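These notes open a run of structures that come right after.
Two complexes follow with chain A in common, the first pairing it with chain B and the second with chain C.
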Partner chain A sequence: MPINYDPLKEGDKLDADSLNDRLTATGGAGQGVNNLGQADLEKKALRQEHLPTILTASDFPNGLVKLAPVSTLNSAPYINTLNILATGAVPVPGYQTFDTVEIPNAPYGPAAAAATGWRIIADNNITADAAEIAFNPLTALTGSGNIGNYKGLLVRLSVELVDWQDTASGPWGMQGIATVLGIGWEDNLGRHVVERSIRWYNYFNVVKGSLDLFTVIRASDVGNNNQISKVFGVIASASWGITSPNYDSPIIRYYNIDIIPIRAGEIPNA
Partner chain B sequence: MPNINIPNVPLADGVAADADQVMGDVYLPKVTPDSLEVINGRLTNANRDGWSIDSSDVREGHFSQSGQISATANQDYFSDFLNLTSTDTVGDFEDQAMAIPGCSISFFVPFPVTAVSLSWHLSLITDTAVTTPTSVVPHFSTGRTRLMLFLDGFPVRQMTRQIIDGNYTMAYDSASPGTYHNNYTTPDTRQWSGNFLYDGSLGSSIIPSGNTDYIQRGWHTASIRIAFPPPTLIFPLGSPQDYAPSPGTGVRQVRVKTRRMSYTLIR
Partner chain C sequence: MTEEEQSFLGEQVMAIKLPRRRIRNEETHNVQDMNDTLLPVVEEMGRLNEHNFNSTMQTELTLTDMSNDVAFNISCPSISWSGSHVVDVSDKGTEANIDVALAAGSLFRIPQDNKWHALWPDKLSRSFISRDGGMFRFLASGQWGSERMTQVPVSSYFRFAFRIDGAVIPDSVIGDQDYFQSNDRMETGLAGQLGAFLLDFTLHLNPGQHTVDVVVQNLFLEAEPRREIGAPTVQNKMDAYCGSAEILIWEMNR
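Then we have the complex of A and B:
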C-alpha cells in the first residue's frame, strides 16, 4: 500500500516527531504517493496524465521527421546510375554500394557527373538538407528483437518526381529508364540499404508524380550489438535488361522522410 | 509532474504546532503540488515506483488514437473553377486550392502528443489540353495537377506533388474535340500514397515557422487540396532542365477516384 503507518491511538503523543513520521511515510522521498506500486492501482487506472511518452526523448533529439527545404526550387538532376553501364548488365540494387564521386559531401545529393551507386537524396548537395534523420545510437539485439527500446523503426519516404530528362534515350516500357529509390541506415559498420525497400519507378508508371515507399528496419537487419544512428533515403537512375545501356536523369523537387519507432510490450520505468 | 516534496517536514520538536504549516503539508493546492493534495488526480508517471507498465494498467486510447475517412465516388474538378493565370503567385493557387472530400479529416487531440502521423492515398486521372495526343514528349509537360497537404489551414509546401496527366486516353485534340484517344497503352490513373509526420522538430520547415499547435490539445484538420496552376508556376524560370511549357496549356479536368486519409496520435 502506498500509505501504511501505525495510526495514532488514544494516549499516544501528538507532537512534531509523530507528525513528521506520518507525513514522511505518506509523501517523503521514495515513500507513499511518491512510490506507487502496481498493486496500489486498479486495473486500467492509468490515463494519459499518468503515462510516459512511448518514445525516450533522448533517443531522437533531431525529431522524427525531415522535410526538403521550403525554398527548394528544383533539385538538380540525379544522373548517377545503379549499374556500371555494361552492355546487357542487370543491376542488382541490393548489392549496390554508395557512389564515390567526390563532390561536396558525397555521397549526398545529385552527382556532378555520371556515377555509379546510391546517393542520399539532398537538395543541392547540402548535407543539412538531406533526406536523413540522425539520432542517438540505438543498439540492436537480435535475441530480443529490440533496437534500443523499440521493436523496429518504421521509416517512410516520399519524393516528388518532377520529370526525367527524357532525352529520347529509350527504350520505353518495362525496360525503360527508371528512378530507383530505397531506404537505408547507418550504423557503426557503415551505410546500408534495406533491400526489401527498393522500388523501381519506370518511365510509364501509375505512381508517377510521387514516389512513396516505406519499410520497417528490424534488429536482424542491423545485426546484433550494432548501433544504428541514421536513416535516410537513397536514389539512383537505372535501366533494366537492355542491350544498349542507358539512363536518364530523374529530376526531383520536394521530399520527406519520417521515422516511427515501434514500441510493444511493457514500458519500464524511465 | 515530479514527486512531491512535502515543504514543512520536519516540524520542529518543542515548538507550538503551526496550523498553516501542518495544513501546507497535508492539503494546499498549488500549480506544482507539494502536499498530499497531489492524490486529487494529479499523480503522474513520476509517482510510479519502478514497475513496468503493461496493457492491463492502461485505459484504452490513452497511448494512441487513430481514425480514418475515405470515399469512392468520383469527384470531378474542372478548370473553370480554378481559373489561375500565368501571372498568379504560389499564394494565389494555395488560396484557390480546394479540399478533396474523403481525403480530408478533422480530429481531436485530447492531450499533448509527441507526434501526429498522417497517411493518405488517392487515385486520380488528369485530362489535359494535349493538342498532339499521339506524340510522346508533351505528355510530361502539358499539364499537371497540383496536390498539396494543408494542416489547420496552412499549406505544407514540401508536401506538394505534381501529378502528370493521364496520358492520352482522355487527351483532347483541338482538331477533333469529340475524339478520345487511346493511342498509347500507358496507365491513366495516377496515385499518391502520401505520409507526413508532425512533431515539434519542424521549426522553420513549416508555416507558420515553429508552429507546434498540431501536437497540442484541441481540434485539428488535415486535407489534401487540389489546384491546377499554370505551367509557369510549376517551374520558376530558368530552373527546368527540359521543360518549356507553352502558354495556355494546362489541366482541363481532374477526376478524383478512390481516396482516404488517416491520422494516428503518438504519445
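Then we have the complex of A and C:
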C-alpha cells in the first residue's frame, strides 16, 4: 500500500487546488488511505515490498544457477581411484585432496585417465563449463553464524549418470564401483569439500539416472573471517576393497548446480 | 461492535479518513502547518516498513527474524540444532565395524520390517512452532549402506519420505512405487546396498506446532530377518544402516 505525499516546499503555490491534490493523493484516489484494499488490511498485509531485498545482487554477478553446456558429449569414462588404493583403502568423507594429474586444467574433469583425488565436474575438462558458481567474496563470521548477509548457502547438485563403461568388471555388491559426489567451496585458504555432503552411489544401486544431493554451507564450515568465493560439485569413483582402478567406471553427461543464499532467523522450538 | 472493540477504538488515535475536511480558498494557508498535519500520517500509513514496529512487536513477529535480519526462518545444521551427521562409511561395512559403530551411535540401524520408521530421529527429526503458518520447503539427504560383501548380498529395498505430524506424505515418497513387479528383486524400491537419497518437498502448514521426520521403509523381499548384532553376516542377513545425513527445514513465509 504505497501512499505518497509530495511535501510542499517554500515558494510552492499554495491554494486550495494544490492542497486538495495532495489530499486526494494521500486520502482518496488510487491507493490512498480511504481506498486501501482488503489485501492491505488483512493479516500479512506487510509484504515483500515492505522488507529489504533478501539477496544482494552485487554479491552474485554470475547468477545462482550453472548448467552443463547443451552440446555436452558423454563425458569421458571417469576412472578415479580417489585414494591410491591398497586393499581395503577407501575414500572417506573427510578426504579433501583434489586431482592434479591433468595439467593445466586439474582439478577439472572428468579425466579420461586414471587419477587421484576429487575432480570438479566439467565437461571435457573445460573450466568454463564447470559445475561451479563464482561470486564476490563473502566473509564468514562464526560468532554470528553469518556468511556475508546470509545465514547459509543452500547448494544443490544434480548429475546425470549415463552409464557405466564396461571395461573389466569388478566385484559385485558392496565392493563394486561407486560414483561419489560431493559439494565443495573455495575460499581464501583454497578448495574444500563439505564432508557431510559426500554421497556414494553404488553401481549395483543405480545404473543410470539423476544423482542428486544438497548441503547448506554454514559459517562454521568456512571458518571465521575466511572469505568464500565459489561453490562447486565434485566427482570421484571409488570402491570398497578393490586394488585396481581399471574396473567399470561411471560416464556422466549433464549436470547442474544452484546456490540459494538464505537470510534467515531460526524456527522456534516446540 | 462489541464494547471491547468500541473501547479499543476510543483509545486509539488513528487517521481513519483523510482529509478530515477539504481546504477552502478563503482560508489562510501555511506550508509548514500543512506538512506537519499530513506528513506524520503519510509516514505511518504509506511508508510503513519494518522500522515502524516497536521492540515488543518485533519479538512477536516470528514469521521472520526481524531483530536479526529480514528474511525467512530455517532449521538446519547452522543454528542450535544438529540437523546433520557425518559418518565415515568407508571404515564400516564389516561385521566388527558395524557393531562398534552401532553401539557408539555413529550409525543408525534401519529396521528391516516393512514398516515406516523415523530415520535417525536424534539427528533428523524436529518439532517446531510456526506462528503464522505458510509454505515450507523441506530438504533431506542421506547415505545408506549395508554390510560389505563381494557377492550380491542383500534383498533390501528402501523408500524414503517426510512424515509430518505423524502422517507420511505420499507425494514426498521416493523409491519406486510401481507395485507391478517383473522380478521380486526389481521395481520395489531403491536397492539397499550402498546409495544415497534426496528428498526435496514443499508443503503448506497451518500455524502451530509441527513435527517433521525423515522416514524410511524397508522392503525385505526374502522375508529374512536382519543380522543380529554379533551374529555372523550371511547372505540376506545383514544390517542396513544410515550414514551421513542432513536436513533443512525452511519456513518460506516472509
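Quick notes on this one:
The rule is short, and it goes like this: the second predicted complex is superposed on the first by the 195 of 270 C-alpha atoms of A that agree within 3 Å, B and C clash if a C-alpha of one lies under 4 Å from a C-alpha of the other, contacts with A are read in each partner's own complex, and residues count from 1 in each chain.
Keep this in mind: a contact is a pair of C-beta atoms (placed from the backbone, for glycine too) under 8 Å apart; a residue touches a chain by one contact, two chains touch by 3 or more.
Since the model is a prediction, treat every value here as computed from it, not as a measurement.
By the touch criterion defined above, A:D258 reaches chain B but does not reach chain C. In the superposition on chain A, contact is made by A:V162 with chain B only, not with chain C. Legend: residue contacts after superposition of the two complexes on their common chain; A:G37 is shown touching chain B, with no touch to chain C. Looking at the shared chain after the overlay, A:A128 reaches neither chain B nor chain C. In the superposition on chain A, A:A68 makes contact with chain B only, not with chain C.
Shared-chain residue A:L8: touches chain C; no touch with chain B.
When both complexes are overlaid on chain A, the residue A:L189 reaches neither chain B nor chain C. Taken together, the two complexes place residues 15-16, 19-20, 23, 26-28, 32-34, 43-44, 46-48, 50-52, 54, 156, 172, 204-206, 212, 214, 265-270 of chain A in contact with chain B and also with chain C. Taken together, the chain A residues at the contact with chain C in this complex read 1-5, 7-10, 12, 14-16, 19-20, 22-23, 26-28, 32-34, 43-44, 46-48, 50-52, 54, 90-94, 145, 149, 151-152, 154, 156, 171-175, 178, 195-202, 204-206, 211-216, 218-220, 240-241, 262-270.
Of all residues in chain B, those touching chain A in their complex are 3-6, 9-15, 17, 22, 25-26, 35-36, 38-39, 41-54, 56-60, 62-64, 110-111, 114-115, 117, 119, 136-137, 140-141, 144, 156-164, 167, 186-187, 189-202, 204-207, 235-236, 239-243, 266-267. Contact residues of chain A toward chain B in the complex are 15-17, 19-20, 23-24, 26-30, 32-38, 41, 43-55, 62-65, 67-70, 72-74, 77, 156, 158, 160, 162-167, 172, 204-210, 212, 214, 249, 251, 253-256, 258-260, 265-270. Here chain C touches chain A in the complex through residues 15, 17-19, 22-25, 27, 29, 31, 34-35, 38-39, 41-42, 45-50, 62-65, 68-80, 84-91, 93, 127-132, 139, 141, 143, 145-153, 190-191, 193-196, 198, 200, 209-211, 244-246, 248-251, 253-254, going by the rule given at the top.
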